[in-house]
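In the two complexes below, subunit A is the common chain; its partner is subunit B in one and subunit C in the other.
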Partner chain A sequence: MAHRRWQIELGAIAAEFVKTMRIWFSYPIIMVYWAVFPLLWVLPYVFQGRALVGSASSEAFRQLTGSGNYLAFVLIGAMISTFVFSALWGVGNSLREETYWGTMEYIIASPTHPLVILIGKTLAEWAWSTVMVIFQAAIIALFFGVQFTLAKILPVLLLVVLLMIGFYGFAIAFAGFTLLIKEVHGWVHTLEWVFFLFSPIRYPVQVNPITAALSTLIPLTWALVAIRGIILLNKTEINLFQTVLVLALMDIVLLTAGYFLFIYLERKTRRDGTIGMH
Partner chain B sequence: MNQRRNFLTRLRHYGSAVWAENIKEWKLELTYKADFARGLIDPVVYLLPYLLYGVALVGGRNSENLKRLVGTSDIITFITLGYVFIGFLNMALWAMGFSLRKEQFYGTLESVFAAPVPRWVFTMGMALHSILHQLLMIGVQLIFILAIFSLKLNPIGIIPTLLVIALMLIALYGIGMFMASFTLIFKQGWLVSEALASILMVLTPIAYPLAVLPVFMQKLALFVPTTYGILTARHFLTGEQIDFTLTEALFRLGLLSLLWVAFGLAVFALIERQTRRAGTLSHY
Partner chain C sequence: MKDKQSDRLNIPALDCQKVVKQFRRGRGFKKKVIRALDGATLTVPQGELFGLLGPNGAGKTTLVRCIATLLIPDQGTIRIFGNDVFQDSLFCRQRIGLLTSGERTLYWKLSARDNLKFFAALYGLTGKQRDRRIDYLLDLLGLREVANERLERYSSGMKQKVSLARAILHDPDILLLDEPTLGLDPQFGRFIRQFIKEELNQKQGKTILLTTHYMDEADELCARIAFINRGRIVDIKTPAEYKREIPHKEVLEIRCLGQPDVNGLKNLNGIEQVQANFNDGITTVRIVLPRAEKVLSEVIEFLRPQARLLGVDVKEPTLEDVFIYMTGTSLGADTQEQTED
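And then the complex of A and B:
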């Protein structure tokens, strides 16, 4: 019986995966957009660097990060943050999109738990963002001269997987939040900017004691510092161990909290009868 | 005489429609109170990474290289003023450009299009709401920045700056109309808004002077109204050196306003007619 239930749920996850992919392929230009534009967002930082420093390297930046190459710094930040933001939009905002499409009530009324549907969406999002990041890495390697050797890629992949496991936990909790407060488009934007402010996506957070302290609570900070260490500073595996441990612990906390928060919020909105409201 | 009275009556009706649209948008916005409160913090959270990045690059508040390029070394005032203007650009691209898609989500697009007012009246109502909204955001942004950093501004420069902003808003209305029309074809209008916003963010000299852009980008930047808005405002408020006089800036902005509004209205009318004829107005 349990085996049969697992089979059905896996079937639902696969169906959701295919459905999400089909919707994306209905708008092919979106693929081009996500592959190219995160890199374009970095250009103002490059020009800002040129205007303020006058060269491609900054001594003040080197003192903070170990590398004066601010261009590589922001490019790596843009690449890794693509995973995070696609999870935030694709998973966190996904149930709200179902409300817009008028299909939310069907999901809730179906015998499949919404969490199963969210797992399908999460897997689709993961596949999608991986393709986008590979494309971005190719552009960065070709046009900006950042080296990605196999010895560097493997530990970076491990860090990205660890980062995203926890982050998907967070995104699932956020999806539950959308059931409760409905209009979350703006909240996703704010969260995006909170990540920009409190994790070293675009600038070294050590420049300010408040951002430096708060950034340690965000898994993205740990992952980005380690990834930049590997790619830009050729740091050894010994330094990696501490980051892996911290990320694994954060994963456990975020996944558990994400699961229980989603279950609680979904039950609450069902009980309040507000699930179909806009 | 009768014609004139008719014209004035019609203008009054249009004015009422613009105001009604503005009020409707405020009502919708204030329905989601938590979201509204969040929106007040947004501009601050948006600005800080750019300021901190600048501080990380130069190791302090003053940049010798910036002084060499524009005659002012204070990066905080320079960047803050630049980003205040980007709010207006986002307003045109997002609030106006996305307005029709929002109506589609609400299921009211067909009703809006069946109403006996021209489309530009509807989008002007959206624009009015967006401008008021943006002024509120800028107020909060400036209060916060003034509380943390001291901005070195010349108060006499406020009057010509306001004049430039007024002209810039007209041109941005044209861009907003242009964006709104894209929603009718592509449906997923956010993509067009996002793409154009990303390109304009690079072209507009928000946190850097035009001189650091490649030559082709410098030329393209001259077609963007916010370029003149930012450069002229910073010139009057902080003494940034610019390559044109106030008269030239006003003339170019006036011309851009005319061109963008005419272009935006024409493209909108064309696309709307085509969408109606093809029967795809209500498509998703």
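And then the complex of A and C:
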């Protein structure tokens, strides 16, 4: 019996998911690296904070963020940014990898649209970063005293899902962009530092009025403020509703823009004849 | 009244009309427009094994990439069974199987079976139907025993077999084989050639567009051949018709040690064309002329002071001689790209 188009595309998404996982599992050292890297990265900031304020808590910090717990602030930022950066690296870099492997042209020449492949990669990336974040959360709960109750986890999950939908839209556009520019590392690093500067991953952006103003354009800021509010400050549902609305609107914009940009850039590379070029 | 089936059979499997493709290369004032395809036109009926023969840079791969929808041409139309490849890309992509040269076209960290499973999904093959098809192809290509090993452990020839399996995985009507034996050792090259001709074309009846710059390969496999040079189809004929293009001609082949200046040979009476290839310290001079014995002694006298002669042979013209005769370019040469500033 002939399959319908959506069935074929679902099959392709599943096949891409399995393929990505198999390739990852063929490099066990990289998996270990990605599992310990987020924590190794955050520890110097924890120690730095302690050295500066003398403990894990600061009154000046409380005035800016509402919570004096610098340690928990940075750890939550590290956890959530793991999702964002793995989306940028994984999905943004994925088509570059296909080009490098020499398989990109065979994907383009097949009846399955490369966006379908990107969805498969996104799901694989999502699954992998979720495992990493659970691992991080367990360590944070065990060693740094941050409590994750079910009442807190559910709204946080909602916010993470909303944050990541928009970011995957952004990453899809970025994947299309890499088809054109043939370079990933420099761009991802630049974006990482833009996010570090203009969103409260490592520090409260309110310390500077410019960063505070610009940070509102980045969904990560909204998500981090709300997630920290839930975990550290027990914020009310009204604040959550506002953030959910803003993130949902940003998702619509980012997903739509990501989709159309990708379509345009993929077609442009086919017109320029650079689809298989490194 | 014709029935629908015969109508369908009358439609060419592949029809390219006046295909033009230009690339912009370089930056700023040094930007150049390179005309890779300059009105390429060819029609391939169903079931034919059709060759596209030309030197490097002639436009063979560009045309294949346009047909496979990897490149969007600037002008012209490409039709698969009457359907425009860009307007009805889903239909056309489902009917095309693609094989390119080079080892790096598969996932080396996956096994042959896992590679095939992934690409099967892109063509809508799943479940038992997919597994049966993969098993059949692995058997057909002699890969069953190594099917679960990662490709990084395979030889180049084995990887090309997996690529071939991928090309025919979804049982396409048309195969685009771009230099399928390039870089393979003679044993694998022979196997691939035999498989293309006997299994895919003669037994399965697939329409095949084969690009190559190996004249022997085109001569051995193809029913008809298009000569392509500088993005244009120079001519389309059967190999036998091509060879008749230079009737009553012989080819005098002389091999000598060193690199003699052969330009002076063109001034000798009766010589129509001279081509020299230098490889590993040995020059092979091929001279097209009506009768070799008439000028043989003069040619030897001309070359002897410059190089040590290793052998002299009189041969029938090959497709390469015809190609040189018609275009003035050797198949082993790199074609100068046509540029427009």
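Following the convention adopted for this analysis, the second predicted complex is superposed on the first by the 275 of 278 C-alpha atoms of A that agree within 3 Å, B and C clash if a C-alpha of one lies under 4 Å from a C-alpha of the other, contacts with A are read in each partner's own complex, and residues count from 1 in each chain.
Going forward, contacts are C-beta pairs under 8 Å (C-beta built on N, C-alpha and C of every residue); 3 or more make two chains touch, one makes a residue touch a chain.
Note that the coordinates shown come from a computational prediction; the quantities given were computed from them, not determined experimentally.
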Original post:
Quick one: subunit B and subunit C on subunit A, clash or fit?
Top reply: fit
**OP:** Classify the contacts of A:44 with the two partner chains as first (subunit B alone), second (subunit C alone), both, or neither.
**Re:** first
Original post:
Who does A:182 touch here: subunit B (first), subunit C (second), both, or neither?
Top reply: first
Original post:
Who wins on subunit A residues touched, subunit B or subunit C?
Top reply: B
Original post:
What is the contact status of A:58 with respect to subunit B (first) and subunit C (second): first, second, both, or neither?
Top reply: first
Original post:
Touch check for A:112: first (subunit B), second (subunit C), both, or neither?
Top reply: second
Original post:
Regarding the shared-chain residue A:235, is it in contact with subunit B (first), subunit C (second), both, or neither?
Top reply: neither
**OP:** Scan A:204 for contacts with subunit B and subunit C and give back first, second, both or neither.
**Re:** first
Original post:
Touching A:194 in the superposition: subunit B (first), subunit C (second), both, neither?
Top reply: first
Original post:
Centred on subunit A, what angle do subunit B and subunit C make, from Cα centres, as a multiple of 10°?
Top reply: 80
Original post:
So, does A:271 touch the first partner subunit B, the second partner subunit C, both, or neither?
Top reply: second
Original post:
With both complexes placed on chain A, how many Å separate the closest C-alpha atoms of subunit B and subunit C?
Top reply: 7
**OP:** For subunit A, give the residues common to its interface with subunit B and its interface with subunit C.
**Re:** 27, 101
Subject >> Complex contacts: residues of subunit B adjacent to subunit A >> reply: 32, 34-35, 38-39, 41-42, 45-46, 48-50, 52-60, 63, 65-66, 68-69, 75, 79, 105-106, 186, 188, 191, 194-195, 198-199, 201-202, 206-209, 211-213, 284
Original post:
Okay, in this complex, where on subunit C does subunit A touch?
Top reply: 21, 23-24, 36, 62, 65, 68-72, 89-90, 93-94, 96, 98, 100, 102-110, 114, 117-124, 126, 150, 166
Original post:
Which of the residues in subunit A end up touching subunit B in this complex?
Top reply: 27, 29-30, 33, 37, 40-41, 43-45, 47-54, 58-61, 63-64, 70, 100-101, 181-184, 186-187, 189-190, 193-194, 196-197, 201-205, 207-208, 211, 278
Original post:
Where on subunit A does subunit C make contact in their complex?
Top reply: 3, 7-8, 11-12, 14-16, 18-19, 22-23, 26-27, 101-103, 105-112, 267, 270-273, 275-276
